[in-house]
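As structure tokens, here come the structures.
In the two complexes that follow, chain A is the common piece, with chain B as its partner first and chain C second.
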Partner chain A sequence: MKNYWWKILAAALVLYTIVAGFLLSVPAQPILHETIRNLYFHVPMWFGMMTILFISLWHSIKYLSKSDIQSDIVASQAAHTGMLLGFLGIVTGSVWAKYTWGAWWVSDTKLNGAAITLLIYLAYFILRGSLDEEQKRARISAVYNIFAYVMLIVFLMILPRLNDSLHPGNGGNPGFNKYDLDSTMRMVFYPAVAGWILLGVWMMTIKVRIEKLKRKILMNE
Partner chain B sequence: MNKKIILFLLMTVFSAGAFAQDASLPPVEMATGLYQSGKIYVVVIVLAVIMAGILGYLVMLDRKVSNLEREIEK
Partner chain C sequence: MRNKYALGGIMLYVVSTVFVSYLSFRQIINVPTWNALFWIILLFASINGVAKSFIGENRGRLLYLYTLVSPQAVIMSKIIYNSLLLLLISGLCLFVYSLFIGNLVQDMPLFLLTLLLGSFGFSSLLTMVSAIASKTSNNFTLMAILSFPIMMPLLMVLLKLSKNAIDGLENWDLNYLLVLMFINVIIIALSYLLFRYLWRD
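Moving on, here comes the complex of A and B:
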């Protein structure tokens, strides 16, 4: 119980999100209609991705200062899990855009920024795959990972705020204002964000443990 | 001076209308029918079952890895 209480919390929060997200009332907004409920599912993907990629960044910095290969394992597996959430975020966003803006994809700073971010992280995996020597791979990809996170902040947080964007929370405005969220929606949205972050961390820890076991077996052979 | 204040107040009052919802617009279409018939609960149950399945799968994976860790530790 000591160690896994947060996994139960993650499951409870995500299940609560599904039930409350469909059944609680939402404000009636033109264009959005009931799709406003997507906020409970699409946005937490990105919050989860940013949190998990931050964990990845943190361990990359840790690797550079301590040269412990375990940190490199965490950094790479966190980047994997973060990409899963980012991919789900971009696909759900595309579906949402089709039925509100009328197109699967529009050339918008936020959307293109998200796509570029995913490509930057794909390059991280290509970089890892192309280096055979363990220490070298860990060091070079750690440096690249720091660069990748900075680019993520630029493409997802800064550029969309400097330009006009169809996507809510951009064009100079802060992320959430009173038009985006009412108090009932907050009651579902915040638990949703917390739940998906925790669920993402859970998936990440499983991947990390498997990779550490793989390495252990390789070392013993 | 007084006239200016009155003009200002009048303009404030009139501009308030611009922020109010336009009553002539049709109401935003929401899935009220879906809720009235009560069948939205079916969708909620289906999604909850899927999510519970995925969570159960995660728990299983977690346990499997724990067992492996114990075995390799030996």
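Moving on, here comes the complex of A and C:
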């Protein structure tokens, strides 16, 4: 119980998000209508992705200072999990865009940023794949991971604030906190964010354990 | 660079790319097309020019360098050298491009400033990526794959600034200039900090 209470919490929060997210009342807004419920699924994906990519960055820095191969395993598996969440974020965002903006994809700084994120981490995996030696792969991909994450922050945090954007919360568009006048959505949104982040971390720890077992088997052969 | 032909080669690369664009476009009067084509030519020329700084470098020579000086000195000198190289390339590119395809720029000082900051940014980023890519086996492919996504923020700011310069807006957009300098400083600081983990094998 001491060590896995947060896993139960994650499951409970995500379950609550799904039930309450579909059943509780939401503010009636033009254009958005019921699609506003996607807020509980689309936005937490990005929160989760950034958290898990930050874990990946943290372990890359740790690898460079300590040269412990365990950190490299965590960094790479966290990047994998982060990619999964990012992909889900793009899919949920794309469906939402179809119903509100009328197109699956529009050219927009925020959307381009999302696409670039996926490209950067795909490049990271290709870099990992093209290095054979374990220590060398860990070191060089850690350097690229740190470099890429910083450029990503520039892309995602600074550029959208300078450009016009269709996306809520940017370029003069109000974020969703303006719509949620009576705070009913907050009661679902905050638990949703916490729940999805915890679920992402849980998935990451499982992936790390699988990877460690794989290496153990390889060592014993 | 100890190799005169490499420099000549990259110059010829720029000239012939511009000439090919001239043959297919003749004159360009559309501003976004002019801007995009110019930066695409410059982007590819920069990648080709800077890729050589680590890839294809003799291992013995690198080892010799590392016994003499600190890794920070190596990366900084490579970045400075590549910045000068890219300044030369971008100057040549602008000249040939204006000659064949036409010059639409109305605010030349801003355009040159953008070009200068862009050359520094490109050179520091590509030098670092070239150092990473040189450690792998298929390094030229990887150079492009690794550099394109992380160059995007830089490229977006550059495109926007040079678009402003072409349109000749009354006021300079200081926000974008500041962001561009900020990106340059970050890239150089990261290269300075991270390069020492790259070179030891």
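The rule is simple: the second predicted complex is superposed on the first by the 211 of 221 C-alpha atoms of A that agree within 3 Å, B and C clash if a C-alpha of one lies under 4 Å from a C-alpha of the other, contacts with A are read in each partner's own complex, and residues count from 1 in each chain.
We take it that contacts are C-beta pairs under 8 Å (C-beta built on N, C-alpha and C of every residue); 3 or more make two chains touch, one makes a residue touch a chain.
Source: prediction; values computed, not measured.
Asker: Chain B versus chain C on the shared chain A, clash or fit?
Answerer: Superposition result for chain B and chain C: fit.
Asker: Once the structures are superposed on A, label A:78 by its partner contacts, choosing first (chain B), second (chain C), both or neither.
Answerer: After superposing on A, A:78 lies clear of both chain B and chain C.
Asker: Could you say whether A:213 touches chain B, chain C, both of them, or neither, answering first, second, both or neither?
Answerer: First partner only, chain B.
Asker: Of the partners chain B and chain C, which touch A:119 in the superposed model: first, second, both, neither?
Answerer: So A:119 only meets chain C here.
Asker: Between chain B and chain C, whom does A:7 touch in the aligned arrangement: first, second, both, or neither?
Answerer: In the superposition, A:7 touches chain B alone.
Asker: Could you give the angle made at the Cα centre of chain A by the lines to the Cα centres of chain B and chain C, to the nearest 10°?
Answerer: Result: 130 degrees, to the nearest ten.
Asker: By the touch definition at the top of the document, which applies to A:151: first (chain B), second (chain C), both, or neither?
Answerer: A:151 sits against chain C, while chain B stays out of touch.
Asker: Touch check for A:28: first (chain B), second (chain C), both, or neither?
Answerer: In the superposition, A:28 touches chain B alone.
Asker: In the superposed arrangement, which partner chain does A:90 touch: chain B (first), chain C (second), both, or neither?
Answerer: neither
Asker: Quick check on the superposed model: minimum Cα to Cα separation from chain B to chain C, whole Å please.
Answerer: Between chain B and chain C, the minimum C-alpha distance equals 31 Å.
Asker: Could you tell me which stretches of chain A are touched by chain B in one complex and by chain C in the other?
Answerer: After superposing on chain A, no chain A residue contacts both chain B and chain C.
Asker: Show me the residue ranges of chain A that touch chain C in the complex, using the header's touch definition.
Answerer: Against chain C, chain A makes touches at 64, 109, 112, 116, 119-120, 123, 126-127, 130-131, 136, 139-140, 142-144, 146-148, 150-152, 154-155, 158-159, 162.
Asker: Could you list, by residue number, the parts of chain C that touch chain A in their complex?
Answerer: 128, 132, 135-138, 142, 145-146, 148-150, 152-153, 156-157, 175-176, 179, 182-183, 186-187, 190, 194, 197-198, 201
Asker: Applying the document's contact rule, which stretches of chain A touch chain B when the two form their complex?
Answerer: Going by the criterion above, the answer is residues 7, 11, 14-15, 18-19, 22-23, 26, 28-30, 33-34, 199, 202-203, 206, 209-210, 213, 216-217.
Asker: Can you list the chain B residues touching chain A in their complex?
Answerer: Chain B reaches chain A through residues 27-31, 40-41, 43-44, 47-48, 51-52, 55, 58-59, 61-62, 65, 68-69, 72.
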